[in-house]
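Scrolling down, you'll hit the structures one after another.
Okay, so subunit A shows up in both of these, paired with subunit B first and subunit C after.
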Partner chain A sequence: MTIEQLKAAAADNLWAAIAPEIMIGLLALALLVAELVLPKKRHGIIPLISLSGLLGVFLGLLMNFRPLDLGGTTFNGLLRHTEGSQFLRVYFVLCALLVTVLGIIALKKQKMPKTEFFSIVLVITAALMLLGQAHNFILLFVALETVTVGFYILVSYTRTNPLSLEAGLKYLILGALSSALLLFGIVLLYGVAGNPAAYASSTNPMDFDALRVFLAHNPDNFLASVGIVLVLSGIAFKIGAVPFQIWVPDVYQGAPTPVTAFLAVASKAAGFALLMILAGVFSSYSGLVITVLSIMAGATILFGNFAALTQHNVKRLIGLSGVSHAGYLMLGVIAALTPGVGSQAIGAVFFYLAAYLLASFAVFGVMTHLAGSNDSDQELDHYQDLVKTHPFLAGVLAIGLGSLAGIPPLAGFMGKLFIFMVAFKAELYWLLAIAVVGVVVSIYYYFGWIKAAFFAHWRPPLPADSVADARPVRAAVSLPFGVLLGTLATASIVLGFYQGPLGAWLLGR
Partner chain B sequence: MIFPFDPLLLAIVAPLAAALLLIAPLPERVVKAIAALGFLVPAVLGFLTWWHYGANLDAGTGYAFRTVYDTGLRDALGISLHLGLNGISMPMFLMSGVVGLAAGLYALQTKAERLRFYLGLLLVMQGGLMGVFASVDIFFFYFFHEFALIATFLMVGLWGGKDRSYAAMNMTIYLTLGAMLSLLGFILIYIKSGAESFDLIVLRHEIAQQGLSGVAQNYAFGLLMIGLGILVSLFPFHTWAPLGYGAAPSSVSMLHAGVLKKFGLYGLVQIAVPLLPAGSAAWAPALAWLALGNIVILGLVAMAQRDLKQMVGYGSVMHVGYGFLGVACLNALGAGGVVLFMVAHGLSVSLLFLLTTSIYHRTGTFDMDDMGGLVKKAPVLAAFFLTAILASIGLPGPGLLNFWGELTIFMATYEHFGWLVVPALLGVVISAIYGLRAMGKVFYGQPSAAFLKHQESNVVTDLRWNERIPALLLILTLVGFGVWPRTLSEPLNKTLGEVYPASAAAVQK
Partner chain C sequence: MSDILFHLFSLLTVACALGVVLNKNAVASALCLLVCLTGIAGLFVLLDAFLLAVLTVFVYAGAVVALFLFIIMLLDMQGGDRKPFTKASIVAGAASVGLLCTGLYTFIVRGHIDSPALSDTPAHGSSLRAYAELLFTTYLLPVQIVGFLLLIAMLGVIVISKKFEGLEDIK
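Let's look at the complex of A and B:
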């Protein structure tokens, strides 16, 4: 490339378009600097710096939700900014805010370096935000790897806990495998679409637009089909869809609770963002994509729900129930591939993700607060009589779990309703039948958890040789955290009653 | 009279607002006053809307007191909080107000643990019930039902009697399955009718214009019949009901067996049969046979009970068979009978549950073999109980309204199914046998040894005034409408005349 060509290319770089990501990246560095500069006893304010920075970005994004260049691409087609990507940016920043709050609470119970945790959360967030705007396989892969590498560290963050280390190792190996699958798929697609001998080949086959045009002209290329399936498999790892779900229970149990929440919500949402972006790119292969996703979705719903039935550890339980949620969401993605249902189905998926965020963080918040010093050891038994000792926490837990179970009048129900409606429109009757079975089964374990917290229980007498009760001590809830949990629970209720402009915007398209 | 406010919205919001107020730390007397007010408002509004129904009736739509509130999805999905009463829902709305007030007043005098929480949940249930019958929009009809169901589940689990945890779980799983199936049925109608709206008026209009394919009607009615059937304990999906009623606290049994369960029958009469004439014609014979299963088989099971509360529970499940039989006739006569029967059944069953608990408080047991001779100690209770038993048998007199309902159903059954009416008539004999036998065992004869022993340590009093008032409220309403059913049947006739011609055509073979 000559200087002129580089200059011409650079002219398309619109740095203002990614100002939020840049700011979050700078914030991550600022935290590290703050740790060096500030005296040790002032380190408590580092997470607060992170929180206020994130809050600023969050408000900034909301105020400038529809920038002028919406719908266009920047950075020579690396990024494409849409209403959906703007939604995801807000979503990921909100996740980061909540994870940071949970991190503050969880890290108090551990003797661990603290600043790095918050810093890595920020780096992951910036990468997730870019991922939601990806319009090119190179950018997609780099952003995804940034996210995954960040998670490798976070999952094994409590390094004194063998389960956390085991989880980190599992996530590392399986994550690497999934990256390899994804990369191999990308290479295959690059190879077929970039082959100059092929009809309608492209000089820039990493670009989604170019790839879509190529695929539309070659609707039954075998290598492209293999590539598509491999790319989908790589993403299925991230969202924990069957048969790529094996890592979920162990990693969810071993990872510190805030990281579990981050994985469950943000990482899953990123996977679905990619699926929806790629669904558009692979639209000429929609028959293949629908078949693959349908099989995965059915198996995911059934496996997630039935495997969660037998769990006693709440982190494993919520991990496996999260697998089933991935299945319901895939229903929405499949519906989005059906002509005539498309944009409404995408709106339904977004609404489901929003409801899932509110409910999950309510539940994870309660879990984080109640966890003892051994973060992996959170059993259903530990929730006994919660309604007597902490009625507020029990209420938040019940609302969060009820919303996850899809019980009206909570937001989770509306999410399921929208997904079911678009799936009906797309005539996915078999998957709907499976989903109904899944919902009914899920009632058993979600309400089993509520039962543990609410209904009076017979408690086994302590064994003679034990010194004290192994159950962790329950502390009182601090006011700001209580307000936060209350807000999450209220939001779940309000969004169930009144979807307002959000509902009209997401589903009216 | 033109109301200066929306009476239907107020009837829904008042109990919910009262429930919210109870969260505040108030002295017990204020708590009770607020709760009483929350129960009183819907009942008063029920009577007011009944009295002023004719004057407010809008001839174009056939609904009175119609208002539409947009919750954000009206334009996007055709879902809006559309309230209104027609001739079918007005009697139900009135009945649920009255039963709610009786159940509330009865709950006020109980010595439940954490009374504030108990009353709050009961108020939530009441708000949901008023919403069920005030909704013109099918989505909100379903939504309010689930709303009331959650409160039911928690109350059974927290304040229930024997086996409450198991009963609550059993009930929730069954009812979720029923609710999910009927939701699928409703979505099927929504999508296949092409109306893209859950508004019943729009749906009716659209289906009258466009029609609905026979296959879609078959599936939709099948889903609704089984789904709603589970909710109304249609044989053989009834097993949750006696178990649940046996375990539930009395006010909850009153509201659930009396009112909430009518959701399913009401849904069939108001929505499924008029909208799906071909589907209902195909399923009606099967429904009639299952209804006979309720009447005969469960009637015999009720006869075999020694536990009074179980007997009342089975008796209530048995009687809903009449409702299904009336629905299966698919004509205005049968449907009209079902609505009158539902009102009568709601009032008499809740009266029975109330008195059963009052008997328990005097004898300390539900086992009828351990009672006897109670009439000497509690003559008023005996008189009330006899009234309730006679009403539930359907004898003219106290049970005049039950009589009108059952008579109409029998006439419709004879007209439509011929000799099938014989086993249905057998049900009257069965309920007379178990009812009068219970009367004899509990109140007449010599006191059993166990009851004498119980009297040594407990003073047995007659029905106190705070128990008499709710019971009298139910009895007077029942007798009043029995003597003067025209005020209910005239608007009912008018609505059925508008709604049912479609099915009359389908019945002709």
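Let's look at the complex of A and C:
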């Protein structure tokens, strides 16, 4: 390349366009420095530094929601900034805020180093935010690997607990397998689209625009179809769709509860962001993509709901219910591939993700607060008589679970309604029938949990010499955490009645 | 000439890859991996991708396999007895071999690529300069992200393996 070309390429690296990600990355470094320079008894403020920094970035993003470069690409086409990617940025920062709060509570119960947890959460968040704007396979893969490596560490963070280590190992091996599938798919697409002998080939086939043009000119290339299916499989691992859901229950159970929440909400949202970006790239192969995703979505909804029926460990239960939520969301993605429903379906998926975030973090907040020192051991029985000892927590739990189950008038119901409406418009009648069956089945296990918390049930008398109660001790809820849980629950209710500008913006596009 | 070399290196790579999987001794497996990677480096040389060939030898054959050997020796791994196959695993194995063969067959029959003559294609990847120019301009952002990836990987190793004393007073 000539000097002028190099200068032009360097000038397109507009670092100001990713200022929020850079700030979060620097915040992660600042936490590590703070641990070095602060005296040991002042280490308690490190998570608060992280929280205040994240809050600053969150407010900054909301105030500058429509930057000037919206709709364009920066970094020589590596990133594309759209309204959707701006929504995802806000979403991931909000996730990081809530995970940090849960982390403060959960790590108090463990004898583990604290700072690294918050630092890794921040790095993962920055990578997730870049992932939502990915417009090139190289950036997509590098950011995705940063997220995945961060999760390997976080999942096995409480290493004194064998289940956490086992979960970390399982996630490592299956994560490596999924990365291999994704890479193989990317390489196949790169190979066919970059072949100079092929019609309409590109010199830069990693770029999504170039790839879309190539695929549009070669609508029946066998190797490209294999590549597309492999890329979709790699992403299906991340969102836990059947048949790549095998890691979900064990990893969700073994991981510390805040990490489970992060995996369930942020990692899944990132997977769907990628699916929607790639659905646009693969639009000329939409027949193939729709077939693959439809089979996955149907199997995912049925498997998630039926497998969750028999669970007694609440972390496994919420993990498997998360699998079924991935199925409902895939319904939205499939509808987004249908001409005419496209942008509305994407809005419906985003709305569902927002409702899922509020409800999930309400439930995970209650779980984190009630967990004992053994984080993996959270049974349905531990929730007995919750309404008598902690009526507030029981109320938040009921609202969160109700929203996840899709009980009107909560936000989860509206989310499901929007998804089902776009699926109906896209004429996905079979999948809709499966989804309705799934919703009905899901009510059984969500209400089993609510029943455990609200209604007393008979327990066999304990033998005289046994420990009186294996349940973890229930502490009182601190005021800031109570306010946070209350806000999440209230937001779930309000968003169910009134979608306001958020709903108008998401669905009116 | 290069045809003979191609077949030689491919044979070496595939045979050693099989050796990695089939060997019962972990050290022998790691050494097979070393030879396998050298074979791949040879294939890269035949494609005029000299930089990739050198990097494969340095990074994988040099650093990564040496690391594998250290860990195997540290853990003092013995081959150990393999569990006998159960009926279910035989059925599952046979089914997956069948699927794999079907997949490979479909690949061979339908996965045709018209390739231009090798001499017509300029070897962009052979020069270190072209590579560095791209890394420092177009792909500067991914390079920075990889920096953070390595940072958290290091943090993770510390958190998961270090013995922490006196954490009670932090609590």
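We take it that the second predicted complex is superposed on the first by the 502 of 509 C-alpha atoms of A that agree within 3 Å, B and C clash if a C-alpha of one lies under 4 Å from a C-alpha of the other, contacts with A are read in each partner's own complex, and residues count from 1 in each chain.
Operating definition for what follows: a contact is a pair of C-beta atoms (placed from the backbone, for glycine too) under 8 Å apart; a residue touches a chain by one contact, two chains touch by 3 or more.
Predicted model, so just to flag it, every value in this text is computed and none were measured.
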Partner chain(s) touched by A:A143 [first = subunit B, second = subunit C, both, neither]: second
Touching partner for A:N195 - first (subunit B), second (subunit C), both, neither: second
Subunit B or subunit C, by number of subunit A residues touched: C
First, second, both or neither for A:L51, with subunit B first and subunit C second: neither
Which of subunit B and subunit C A:G508 touches, first, second, both or neither: first
Residues of subunit A at both interfaces, subunit B in one complex, subunit C in the other: none
Of subunit C, residues touching subunit A in the complex: 106-107, 110-116, 120-121, 130, 133, 136-142, 145-146, 148-149, 151-153, 155-156, 158-160, 164, 167-171
Subunit A partner contacts - residues on subunit B that touch it in the complex: 71-73, 75-77, 139, 142-143, 146-147, 150, 153-154, 157-158, 164-165, 168-169, 172-173, 176-177, 180-181, 183-184, 187-188, 190-191
Residue ranges of subunit A in contact with subunit B within the complex: 344, 402, 407-409, 413, 417-418, 420-421, 424-425, 432, 436, 439-440, 443-444, 447-448, 451, 454-455, 497-504, 506-508
Touching residues (chain side subunit A, partner subunit C) in the complex: 1, 6, 9-10, 13, 18, 25, 28, 32, 40-41, 43, 75-76, 78-79, 108, 111-114, 116-117, 119-120, 123-124, 126-127, 130, 138-139, 142-143, 145-146, 149-150, 152-153, 156-157, 159, 168, 191-192, 195-198, 222-223, 226
